[in-house]
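One chain, subunit A, links the two complexes that follow: it is found with subunit B in the first and with subunit C in the second.
And then the complex of A and B:
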């Protein structure tokens, strides 16, 4: 029972990261590795506002999310947008983004140090007892936020104007431009939304397990694995992929050892690439197999 | 003087690493983030064979190169199912798996504690103990790798690599075996990365997994990109500059942990600028 709750929590966390990243990738179509820095910096902003400036958590949380979104938008405006203007290949943007991630991560570790910091406000409580398993408040919040994110993201892409414009830009950028949808503007909004969800995921994971300057990177990589397995543009695919990833990792941790969690995630990715290169949704991922 | 030799040896190790990656990333366009993994496999193979079984250096070196080559073939067979940005992400994943194995397989690698007490290299009974003689050995191997890579890249095979990185389908239409050429160049790059790994292990006499992380892979790739992608001399120069950089920062009075961060920030910024410079693709200039 305890393992079920843990799987549910991990799955929820991966789902938020996967959705946050899928929104950006779906529209902009390149690997935005600096996304990992956005995930990392959000809890550090919470730490800055709530502990170093002494603001209450209700002010600090929205402020941190706002600043993380700003960071995401700055990367888009000053690095990706100028690069896109030259019609560069996607891997060129990927490497620039890698450089950006290195810069941001090192700035974080220069400012706040490499040691583990905590933004938890109260002592660790044992949590509620449900059917013989323990569940903490932050786990309940994670699961609730994730479910809200999932449902609102489906509604957003199917019914709102902006969501439909994003789908238009994603499926055919040039045609969307002809119809008067500015692709740069849509990508800007995608970055804003994606970064906001990323910040939420980063803050949730920091409340659960504290933070180091590298927390964002592994979380981001799990998100990427979930997206490649689940397929872009399919919400249910993302949900299944997160569930598969979380289940495999927790069962692996239970039966073998928790230190192999990283390796398990990538083994799943490799197995998928060999046997089912198009992911759950069966949608042809751009460029896999020439 | 010893300090100067130390810096020179470290520069040469990174020159070898970046030159081996230049073949894969620069010439055939296989931008790999798994290079520190191959470097680590070379280092761990030689360490385990030397420390636990007492094999001599001249036996250990070829074994390390061969084993890394076999692993590189397997890796390339998996990762070459994808191209471009997906290829980079897959090699990143393979790097994480490699690090995870080095960090967690306690029985074989002693995990995060690392393996210490790696003996001096001795060749036919002649022990290389002083830094200057180690420097000459490193220099000899670096020149050897440079000569081999120069010959490979100037050969007809090298021209196939350059062509396929620019237009793969066109090269295919000329009847060249693109897939095979990619596998060979990736594997060769991996095999050459084992040599600096072996040297590093014997030189520092202690290895642990933190020397072979994703950051190290990014660092090696940055050297290649800053060096101009397809230039063996350029990557040698970039390796020298990036290895000296933290020493220079420390010299002007920056605390050493900050100097390490500063170096990463500088090469991160350099990467972004290089991408603006290469926005039209990596053409031979």
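And then the complex of A and C:
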């Protein structure tokens, strides 16, 4: 039972990160590694506003998400957009993005230090006991937020104007431009939305297990693995991929050894790349390079 | 033409610089420490301690030889450490090298020191793998010693069924092995052994397994950052029995992360010496660096003094220095008496048992 709850929580986290990144990758189609920095910086903003400036959490949380979104947008406006103007290869953008991540991560450790920081406010409490398993309030919130994100993202892409425009840009950028949809504007919105979800994921993790300047990257990597396994553009694929990853990792750690948690995740990735390179959903996306 | 003049001036400058070096009579000592990277906090405090000691040695009348320390940043990595050690030993030909904060760095440097007859002294590295009959000395106690102390403590408390959770690093694995050896020799039974990776943030699976095995207590060999989260998650899982930690759990990071979940946790660590020499050192250190010294700064301070002693009592070659250190009478420094055994270890330092009560470490 305990292991089930552990799996559920990990799966929820992977799912939020996967969705946040899928939105950006779906539309912009390049590797935005600095996304990991957005995940990391959000809880640090919470720390800044709530503990260093003394604001209440209800003000600090939205502010932190807003600032993290701003960071995502700044990277898009001032780094990626100028690069796209020169029609560079996605590979070049990948390298630029990697450099950006290293710079941002080092800025975080310069400002706040490398040591663990905590944004938790209450005392550590014994978790709620459900059938002999323990679950804490923040874990329940994580699972609930993840479910909400999942459902609202499905609705967004199927029923709203912006969502459908994003799909249009994703399937054929030039054609969408001809039909009067500005691809740059749509990518801008994708970055805003993706960064907001990333910030939420980062804050949830930090509330549970505190933060260091490197927490974003491993979470981001698992998100990317989930996207590759699940296939881009399929919500159910992402859900199944996150669930598969979390289950394999936790069961592997439980029955074999926790040393193997990372190895198992990448083993699954390799198996999928060999046998089902387009992911669970099997959808072949057009025009994807890299 | 202009270029040629520049080259000539440049050449002259180099020659003069060389001349200056030759006329100085101070003895140069190499120091390979992590001044940037994950272990930078250790390296920087070690440098502070050494610098403080050297500034005193060079104005004192007791030591005829003046010392100059040449620092190189090994970034906490074995690769850089090897490069630096090669340079120190074969190009600079320094007789003594201070170094290695983490045991990983020191283990990488030691073979080069042995081949070139260089004495390697570390203020921080505690891995038992370094205890060999060779050119290595350290002023901090070996982990083998800590493992013995922990096993004896558990025996005194009549805890014979204890779970073990350790971090998969050079330090964690060697302390784990030593502990298992001693604990089982004392008649203890290890109910379950679980590992974690450095930098991991979620230990729920390991903790689930440990709680299911139902031990009488848990001994956890991990760093402070991981330790804090482990304690928090143990409490969230309703674990109420005793928890024991390694010496590095005496870090502020652990308390910050664990908060009230750290209450009642036991640990052992090398005792902070409180004799006159330490009080004096603490006062000078605070005046110079405007912060409190930790035990590693004090160890490093002693290292510099021990080197000064060795240099003024020998001809300054690596072989002679080694011979002197092995038969040196106890050196009375800021961390108490330092006397090396045949393996270059220092087992004259005391350990202290602590418990966390109301957010502070209380001596037991």
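Quick note on the criterion: the second predicted complex is superposed on the first by the 283 of 290 C-alpha atoms of A that agree within 3 Å, B and C clash if a C-alpha of one lies under 4 Å from a C-alpha of the other, contacts with A are read in each partner's own complex, and residues count from 1 in each chain.
Operating definition for what follows: a contact is a pair of C-beta atoms (placed from the backbone, for glycine too) under 8 Å apart; a residue touches a chain by one contact, two chains touch by 3 or more.
Note that this is a predicted model, so its numbers are computed, not measured.
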Combined model on subunit A: subunit C and subunit B, fit or clash: clash
Which superposed partner A:115 touches (first subunit B, second subunit C, both, neither): second
Partner chain in contact with A:64 - subunit B first, subunit C second, else both or neither: neither
When both partners are placed on the shared chain, which of subunit B and subunit C touches more of subunit A: B
Partner chain(s) touched by A:259 [first = subunit B, second = subunit C, both, neither]: both
A:209 touches, of subunit B and subunit C: first, second, both or neither? second
Contacts of A:129 with subunit B and subunit C, given as first, second, both or neither: second
Which superposed partner A:250 touches (first subunit B, second subunit C, both, neither): second
Set intersection of subunit A contacts, subunit C complex versus subunit B complex: 257, 259, 262
Partner subunit C, residues of subunit A touching it in the complex: 2-3, 6, 10, 114-118, 120, 123-127, 129, 134, 136, 205, 209-210, 212, 214-215, 250, 253-254, 257-259, 261-262
Residues on subunit A engaged by subunit B in the complex (per definition of touch): 30-31, 79, 82-83, 86, 88-96, 98-103, 105-107, 109-110, 217, 221, 224-225, 228, 257, 259-260, 262-263, 266-267, 269-270, 273-274, 277, 285, 287-290
Subunit C residues within the subunit A interface of the complex: 38, 168, 194-197, 199, 201-202, 204-206, 208-209, 224-225, 228-229, 232-233, 235-238, 252-253, 256-261
Touch list for subunit B against partner subunit A, complex: 31, 78, 81-90, 92-94, 96-97, 100-101, 103-104, 168, 214-215, 218, 221-222, 225, 258, 261-262, 264-265, 267-272, 274-276, 278-281
